[in-house]
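Data block below; observations after.
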């Protein structure tokens, strides 16, 4: 599973992207975030409040209950501020 | 048409391309967003726009398609820049052309309102108090929500 | 700024003059009105715009002053042409620049809505059914009345 | 008093402007229109329904009860259709 981080999520995690092989407990967006928080202090800091981040799965906005598959591209980022 | 690019754009040429040679267009409305030198009381030296290549284009195309479905439009345009921008520089341009001005106004505002909350761009501001990521503005959410709650005004 | 002229105008140059060199402008909204080749089902070969010199300028200046009083605007522009125009030609341009996009959108629409009902211009259309004076559109009165009944949306 | 006519008011009256010296009965916009209708068939045709025309006195929109003075510039025209 490919993970992408943007804006302050990226700077807090410390990397822009990584490829992970999550455990079986990761079935959806919410459980992915739970698991990611255990990977490093940076991940824990970036994702400590899931309400502060937005998630896209395969480049579409996704809710916490969105199911995940091994080949998905999952991006985690703050609310957008373009325009 | 949608474009995501680092370079500046020529508003005149874009507007000319939008309506050029057509005689069924009654009005063209455009919005051009610029970098301001002040934000929340702090002076801004420059701004860097990060985005999510791939998703950005998909989202902009979806927003444009939504506008084309809601209003009778002859043409639409969204251009959004990324990278480093200084105060006074253009960030974004949206424009719509229609036989009727109300459709052009409503759809142009819809494009920028939805873009502000749905297109994956993030602003990093360099201010005299240091660099910081711009926080999302609840007023942008309200502006976008308007287009969910209200039907577009009657087509003219 | 207001201008009433027979000649065409350069939208790019006008927009550049509006925001050029300034760094306190967050958004510029413009409306450009064009001659359509169809009106009410009849093909239009050309259109002649008559106006009331003197009163036109007074009315446009009053409309512009009203917008500047209602919204926090950095700059405003109204250009209206008169004389003979063919389909696809520009008739009118209004533009507003503000720190905030809602103010720019609202004020730009206000300018064109009030202009449509208060500026002394009249359109004579040459159609395949003969030349006729365009009748006022009740929807334009409704659009203008919006700005009497409603307060402008909160400044952003 | 200088009178100006525009658009179809002009074409029906048959002239774009004229200078008139109205009788004492003309005190306001409404009575001016009443008197003008007697001047020619073209005037009568153009002004037969006062609700269809608009009037400006000295380049400001004026209502029927607007008082008039000898030196006023009075313009009569259809509802505007610019923009």
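Details
Order as written gives the chain letters A, B, C and D; numbering starts at 1 within each chain.
In this text, contacts are C-beta pairs under 8 Å (C-beta built on N, C-alpha and C of every residue); 3 or more make two chains touch, one makes a residue touch a chain.
Given the structure is predicted, the values throughout are model-derived calculations rather than measurements.
Each step here moves to a touching chain, and the least such steps from chain A to chain C number 2.
Note: centroid distance chain B to chain C, computed from Cα atoms, is 22 Å. Averaging Cα coordinates per chain places chain C and chain D 27 Å apart. In terms of their C-alpha centroids, the spacing between chain A and chain D amounts to 73 Å. In chain B, 33, 112 are the positions where the chain touches two or more neighbouring chains simultaneously. Taken residue by residue, chain D touches two or more other chains at no position, since every residue touches fewer. Taken pairwise by the contact criterion, the protein chains link up end to end in a single open path, with no chain closing the loop.
Chains touching one another form the pairs A-B, B-C, C-D.
On chain B, the positions that touch chain C within their shared complex are 10-13, 15, 19, 21-38, 87-88, 99, 101-102, 104-105, 108-109, 112, 139, 143, 156. Of all residues in chain A, only 4, 6-8, 11, 56, 59-61, 75, 77-83 touch chain B in the complex they form. Across the complex, chain D is touched by residues 33, 49-52, 54-55, 58, 80, 91-92, 112, 115-124, 133-137, 140 of chain C.
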